[in-house]
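Naming follows writing order (A, B and C), and every chain is counted from residue 1.
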Amino acid sequence: MYRLISVMLILMVGMGCARNNVETINIAGSTAFQPFAEKLAEEFMAVHPDVRVNVQGGGSAVGIQSAQSGVVQIGMADIVTLPKEAEGLNSIVAAKDAIVIIVHPTNKVDNLSLQQIQDIFSGRLNNWAELGGEKGEKGEKGENKSITVVSREEGSGTRDSFHDMLLKGVQLSPHALIQNSTGAVRLMVQSDPSAIGYITHGVVTPDVKAIAIDGIAPSPENIHAGKYNVVRPIFLLTKGELKGKAGEFIDFILSPQGQKIIADNGLLPVK
Amino acid sequence: MEDKIVVKGLNLCFDTHHVLKSIDLNIRANEILSIIGPANSGKTSFLRTLNRLNDIISTVKITGEILLDGIDIYKKDILLPWLRRKVGMVFALPVPLPRSIFENIVYGPRLNGVTSKAKLEELVEKTLKAAFLWDEVKDRLHLSGTKLSGGQQQRLCIARALALEPEVILLDEPCSGLDPLSTSRIEEALYELKKQYTIVLVTNNTKQAARVGDNVAFFLMGEMIEYGSTEQIFTVPHDKRTEDYITGRFG
Amino acid sequence: MKYRENLIQIGLLLTALSTIAILFLIALFILHEGLPIILKVGIKGFICGSHWSPQQGHFGIFPMIIGTVWITIGALLVSLPLSLSCAIYLSEFSTTKVRAVLKPVIELLAGIPSVVYGFIGMVVLFPMVRNYFGGTGPCILSAAIILGIMILPTITSIAIDSLQAVPYSFREGSLSLGATRWQTIRMVILPAAKSGILSGIILGVGRAVGETMAVIMIAGNSVIIPGSFLDPVRTLTANIALEMNYATGDHRQALFATGIVLFIAIIILNIIANTIARRGVEK
């Protein structure tokens, strides 16, 4: 009996000691930036083996709240302007990201005007046929199918940016399907030929088609040149200036190396 | 007196366990056959071959013939419900269905197509009287069968078996859990019943066999050792093993 | 020696009490967090209000209650025929060996994480629903099918146990009276196992009501009162999960209040299940 207790005590002390040798950096928030944060974390940890970087999602609002409450050292938010909940936090722009509207690859629509986008997402326009001609998915009898609108949950920075920059005050249709991450939106659009949604430019894959807005396509050139301007910053939020390994991680993200990783993987570097 | 049931070369196995070994036995109509023997001799298994109740055990293998009025009941095209209506059974532990006394008795006949209320009520009265239970329950027919005493439940089960108007009644140690008064009531009922039915009674109680049976078969370890009239078996048994069992040298 | 026995007894008692204490603390916590908003909006306004837009201060959860109810009913419609047939087959018709293999396999279904179910629903079920029924994919029908499969092992397993618990003598008694196997099952065994099967069903319902991850992925999450089973819906659980991360103030309280509603629903279901089970035993 006593032997068991002493073994357990030694184990607990041992575990405590082991922890002290590894420093942990916690970073959470925007699901749009999350895959890039993970890539950056991988590279950082390769160079600094004594550091563990934990990357979590949860949405931009989570990033803001977690940074405020101190749960994480760094909060990520992809949002046009920081809301009042972010008051008091130190904000650093790590990258820029375009929001693109996506449809199924078989959808014949290549371009939508701002008005059409607002009409579709508010539900005023709800059949692909109304966009004229042979557009969109056909049903079994050749009838045109109605548009499936896919959006993000409230609290998503991507959603807030989309509403700010494109919807501009127009209410989202209550029939819109809500998914709780950028990846889920993409999955929904790539499996439904009559769906339309919006995701961050950095995670567009060949399974979906990004369309032009008012004639301007979301190509890398157009985005870099500023022609395609549905772009918002990715903020890294911290309580005060970070020192130690966490500060080094932020420096790494802003360094040419880090920015190159960001650019290589499809996001816009800050510089 | 013809033979109601003829058993020829009956062998029964559960997987590799050889329970009944080459049984040959003739059961005459309108008589009570008592089957005696120590525990695990195969008495109950034998009884259950007569209404093919062993069939529900998936590991069972049976060879041999059992002729009921000349028809082999193990033939492929025998309908089990038909057989079990002809050959009724009363179990060692009374198992009334969780329903009223009335419902217990009419369960079988209803399945057989009897729907007229008058006929069913007549059946209930007739069978309860034959089982010597009518007077005790006639004004409580809608009481649940499970609320009767052990002896009453067993008589209910007899009445229930009678309701199908069988030709043979099998009883598996029907008095094993009962007090002497209930036991004697049941034995009284059996005397009356044999006038109309053929009865096969498995019993652990040799004295009961001596009281009640016309003929006796002695089973030991899956074999039938001896068969004869009650008087002969209990006074001058042919086989030494029979004698040892009856006199209580083993039990 | 006696001292040690007492010590062990006290230790076990404390552990048992702490489990109950945890339950109480959880209940107290969500009551504390959620009650103020219910008092502010009024029970009727909260539960019957069909307008949920937290940014504008509207906290009616009726659409979500309807969503939960419809998905649960759908799940029952899907799983009951399957699970009862399966249970009857495995209990009454299959051999012991077959049952010993198949029952654990069915129970394995219960071990599949709900997110996997959600994923399969999205990738496999949506196209099928779209092609054969119409609509967009995420809807009551899809959620009902996936949830039905999720609660199937719960109901089947308990139903098998209830059927097996019926005394063997009932079967023999019925068969020896000339009943066929199916007649015996229908008229003797099923009624005898009824209370056990019912409480198994209610446990399945409880699981369906509380399911969150799979439902978020396949129900569509639109806050509307559905007009057909091809409409998307949002359940109470999905509502909490989608918005809890960022809600503050009244909104946060409203989500806790949703939790109170769920808690009460589950308690009621469990009380019903226990009462049915107990009444079965008494008979």
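Heads up, the rule we're going with is that a contact is a pair of C-beta atoms (placed from the backbone, for glycine too) under 8 Å apart; a residue touches a chain by one contact, two chains touch by 3 or more.
Worth saying up front: this structure is predicted, and the values here are computed from it rather than measured.
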item: Co-neighbours of chain C and chain B - touch as defined; value: none
item: Chain at maximum distance from chain C, centres defined as averaged CA atoms; value: B
item: Chain whose Cα mean lies nearest the overall Cα mean; value: C
item: Length of the line joining the C-alpha centres of chain B and chain C, rounded to whole Å; value: 48
item: Euclidean distance of C-alpha centroids - chain A vs chain B, Å; value: 79
item: Distance between chain centroids, defined by C-alpha means - chain A, chain C (Å); value: 33
item: In the complex with chain A, residue positions of chain C that touch it; value: 54-55, 122-123, 126-127, 130, 134, 136-138, 216-217, 220-224, 231-232, 234, 241-243, 245-248
item: Complex contact set, residues of chain B against chain C; value: 51, 53, 56, 58, 80-82, 84-85, 88-89, 91, 93, 95-98, 107-108, 111-112, 157, 160-161, 164
item: Contacting residues of chain C [partner chain B, same complex]; value: 95-96, 167, 169-180, 183, 187-188, 191-192, 283
item: Residues of chain A that touch chain C when the two form their complex; value: 58-59, 61-62, 64-65, 85, 139, 148, 153-155, 174-180, 184, 187-188, 191-192, 194-195
